[in-house]
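Should a chain be cited, it is by its letter among A, B, C, D and E, assigned in written order, with residues numbered from 1 in that chain.
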Amino acid sequence: MTEHRNASIARDGKSIILAHDHGLEHGPAAFEGVEDRLDPETVFEMATHDAVTALAVQKGLAEQYYPSYDDQVNLLAKCNGSSSLWMGEPYSPQTWSVEYAAELGADAIGYTVYPGTNTEPQMFEDFQEVQEAAREEGLPVAMWSYPRGQAIKEHRKPETIAYATRIGLELGADLVKVKYPRSGDAMAHAVDAAGAADVVLSGGSKTSDYEFLSTVETAMDAGASGLAVGRNVWQRDDPEGILDALEQVVFEERSAEDALDQ
Amino acid sequence: MTEHRNASIARDGKSIILAHDHGLEHGPAAFEGVEDRLDPETVFEMATHDAVTALAVQKGLAEQYYPSYDDQVNLLAKCNGSSSLWMGEPYSPQTWSVEYAAELGADAIGYTVYPGTNTEPQMFEDFQEVQEAAREEGLPVAMWSYPRGQAIKEHRKPETIAYATRIGLELGADLVKVKYPRSGDAMAHAVDAAGAADVVLSGGSKTSDYEFLSTVETAMDAGASGLAVGRNVWQRDDPEGILDALEQVVFEERSAEDALDQ
Amino acid sequence: MTEHRNASIARDGKSIILAHDHGLEHGPAAFEGVEDRLDPETVFEMATHDAVTALAVQKGLAEQYYPSYDDQVNLLAKCNGSSSLWMGEPYSPQTWSVEYAAELGADAIGYTVYPGTNTEPQMFEDFQEVQEAAREEGLPVAMWSYPRGQAIKEHRKPETIAYATRIGLELGADLVKVKYPRSGDAMAHAVDAAGAADVVLSGGSKTSDYEFLSTVETAMDAGASGLAVGRNVWQRDDPEGILDALEQVVFEERSAEDALDQ
Amino acid sequence: MTEHRNASIARDGKSIILAHDHGLEHGPAAFEGVEDRLDPETVFEMATHDAVTALAVQKGLAEQYYPSYDDQVNLLAKCNGSSSLWMGEPYSPQTWSVEYAAELGADAIGYTVYPGTNTEPQMFEDFQEVQEAAREEGLPVAMWSYPRGQAIKEHRKPETIAYATRIGLELGADLVKVKYPRSGDAMAHAVDAAGAADVVLSGGSKTSDYEFLSTVETAMDAGASGLAVGRNVWQRDDPEGILDALEQVVFEERSAEDALDQ
Amino acid sequence: MTEHRNASIARDGKSIILAHDHGLEHGPAAFEGVEDRLDPETVFEMATHDAVTALAVQKGLAEQYYPSYDDQVNLLAKCNGSSSLWMGEPYSPQTWSVEYAAELGADAIGYTVYPGTNTEPQMFEDFQEVQEAAREEGLPVAMWSYPRGQAIKEHRKPETIAYATRIGLELGADLVKVKYPRSGDAMAHAVDAAGAADVVLSGGSKTSDYEFLSTVETAMDAGASGLAVGRNVWQRDDPEGILDALEQVVFEERSAEDALDQ
């Protein structure tokens, strides 16, 4: 058997990606109540948890903190991003070249695409170059695939999420990160539409432990290959606890209830 | 006699191109009723049918599935595309570089151009670079030539389709894929306008076996060099049956009726 | 005496350029009544006439037909163009790189510029790169200089045509193709404004033999270096006849009347 | 201990950056009353003061004056800028390549970014290339991080300034220059948000000695790594006096009052 | 003493630049009454006058005429330009690469910038690349600095002209060409604002001998380094006479009156 395409950021073909680009995407306001987590070192520490198969951060965090963690943490280089101060048409400009990400030790490349917006053509072209540069470096590519724009009335609609995963497959992503389409059946359809590409659930904003874990359980049952999670881990008082539970649900195939009972 | 320009995706100078970029262009909705075909492997299997001279897919499908089929299938690398989620002026951004397509084993390059739209100048320039990169790689180029925009009241009008094929010839396409201009005479005019470039019929949305095959028959009689077909094959319950019949009409010069009677 | 700058597409410093890019610029409708001329081979044949010092075509025609004619025909590679389906601000995108034109055996480069339009800045920049690439290849450059846009009420006005030729000189064209400014005096002024650059008359739409030839005669008397002609040759029943006459007027300095009497 | 990232423009990890790009950003009007300072030599002289750890200027000043001062002054190459004559959406185009800045002896690169404006995507991309080019040259990067645009009602709001410093960290700046957020607490929050990146106070328009120095004192107490100052030095009659006092506050941790009493 | 930065186009640190790009910028209409001057050779001849330290022309004139004059004339390659047919926002696209200008023997590079227009950002970026390319070739750079746009009510206002010269200095011009700001004091202020960069007066439209020369005299007294003149020389019946007089005023420090009396 050849190695899994996403092996560098997965365990047994499954991934728990800890995302920490909220400082750029949402700003310090995202840290209200957990101000100590403004210090990226706290989140790099969380990423050393066995459950975490990769940490997704922007270039600046990687430059400043990754050198102390490269033995313990797999780096998913998030190579584009925008601030929430910006009110324009959704677009995520490139903030990190693939070549420099590789030089800093990246194990995979992450890139956001907004299909359906007026910037779709530009983002497809951006992604084309990034994806092929990643191939040059021998790195897998994760697409944050978030349909937006005029035609998208409801962006978690099952058909929209299935289209989102399919776009990832067609354009050459190895792993596609999508919002939860509200049911296990819809998730299974999205996984089917992705073909040979892996699908991971986007963690989204913070919810209760049970609600969060049972969504993950449903997604895993539907064929998802794991999740990318940020606020649902680092906004919690006990990040280690939720990572313990996630590890059970994602890698040990235990139910949310069981995982919480431990 | 020197080899035919499109020999790498043709048999006796004629082509049946199985197109399967609908996951990107139309989304999973195109697979309603034939959900198993969401798995690209099913369509790669169809492409091993003797009738099929090339399979047209986007980069991601080629990366994930073509390695298992490169002995049996000729790859027409579709190097641009857009989603139907996008509501803007028709434009098809590049999704695959010619160099990387060649590296993955492409036998020809496919590119969509929308003459008459506000993006015509950009698409002509995009095509210029793609076409010349293909020459560098020694690959023939197929243009999906689809006039659109303000001046095009009716995009299947004979004169419009003839202009479409001529644009293919003038800009350096070896093969031009156009919609059916509604009559054999109009098709013959479009074939004349294409000069030394080959013209293939675009299969379009699914119709009855007879209707579909007799259009192909008329087109072949008018001088077409074959067809590119997607939904009329892989949306059918019996793709093999229709491919058998197409083989008769395109390569054996049999009538639609005869081909169906077999 | 050093060789004339345009020697590769001239005879005794004068040029009759047969232009055949109408398939792109005007579409198959330009061939109404002379449908057999849709076959570019018919026009390549005309270009073997002794009177013709160069044939101006787009890349696709050069690729498909020029290999059989490169001994008999000088190739003027028309490196930009647009379709008449397009309704936007006049702009002519690049369709052929100078390097590839040279590789295919081009003897000169042709490029359209529309001074006065909103795209003037872009076209000046495009021309800058094309002109200097041509110098790298050692090729002369012909500018189709066609003022358009808001400030141009009447685009054949003597002052406008003189400005058109001067722009050609200033930007580095060796030969400038302009519309006829309606009188010999105006033509002489345009020739003066072009300084050391040659000026050729643009043939325009088909007129009677006498009307056409006497315009050419007037232009030659005014100092023009010849003409570029398309429809007035290949839309005629007897292209050879008109080429015979043109040869008399342009190279033998005979009058239109004399040339027709032969 | 490894060397501080900004060591080339700092002393003991703290910086007083003398900024003198006002000739471009504000024009000669900024020199009203101190016309002799129009001569950049006067400001290069000021920069030889021990307190000054770097002088920030545009390319032209560096070319003309820096050769005489490169032994005594550290050069912070300000690589973008715009004039106040321009009324468009805030955007600061590149005026100096990193490569040429390094060639002229730059010790660090400075670049303005306006998060929240319509040009945010372009500026993020510009900054990406500049930051990585600086890495190639082994130079630290200072971001002038100035949120602007629709969403920014009040651009000195604590949360906005904290977002500004965080953007600097995330995008790979080593040092972030921000406006004073009106209180020590807000400054401390901005310093926290910047993580491992240094934060320096932007001097702003000229105020009284005491007002200016006590703001600097508060900022230093809040964890700032110094300041970038222009008009508050070179618009003063006694620049040396204020630099003496700044040296006390920034490097000797003395109060504003004490520093002025000397 | 090291050589003056503009030595290649100056005598004793002063310049009289004969400008002849009016064929592009204004068209043949600028030659009304002096039609023989449409022949660039007449102006190249004028440039052989001892008073003239450089001739500023576009690429096409340099290609066609400079080879016969390179021993007698210093070439200031004007590398951008636009026609007066164009009605859009002021912008001057590049028409000549610095590399090719150097190849043709240019002694300096000239470039127009319009600060304050909507194209200021683009023009600053264009100038950045041109200026640095000129450094690669070891050539001085002259900026035609012409503020325009919304904020400029009166483009000869003293403060505007001083801003114009300062922008030249800041962006790395060695010589800045500006309109006359209406008084000697204003000119002196503009010269101060330019710091180490030279300032030359822009000749403007044709006026009487005395009016023209006494403006030049005032400018020289105010510290200008000479002038760039076009129409005030080549639109005159006696270009040699005015050049004789200019030589007196610029290089011999004689008054306009004295110079005319000779």
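Everything that follows uses one rule, which is that contacts are C-beta pairs under 8 Å (C-beta built on N, C-alpha and C of every residue); 3 or more make two chains touch, one makes a residue touch a chain.
Bear in mind the structure is a predicted one, so any value in this text is a computation, not a measurement.
Following the contact convention of this document, no chain is adjacent to both subunit C and subunit E.
If you average the Cα atoms of subunit D and of subunit E, the two centres end up 36 Å apart. In whole angstrom, the spacing between the mean C-alpha positions of subunit B and subunit D is 58. Across the assembly, subunit D contributes no residue in contact with two or more other chains. The touch graph of the protein chains shown is a ring with every node of degree two.
In ring order, beginning at subunit A and turning toward subunit D, the chains are A, D, E, C, B. Remark: subunit A residues 115-118, 120-122, 124-125, 127-128, 131-132, 135, 147, 149-152, 159-160, 162-163, 166-173, 189, 192-193, 195-197 touch subunit B in the complex. Across the complex, subunit B meets subunit A through its residues 21, 23-24, 27-29, 35, 38-41, 58-61, 63-65, 81-88, 91-97, 100.
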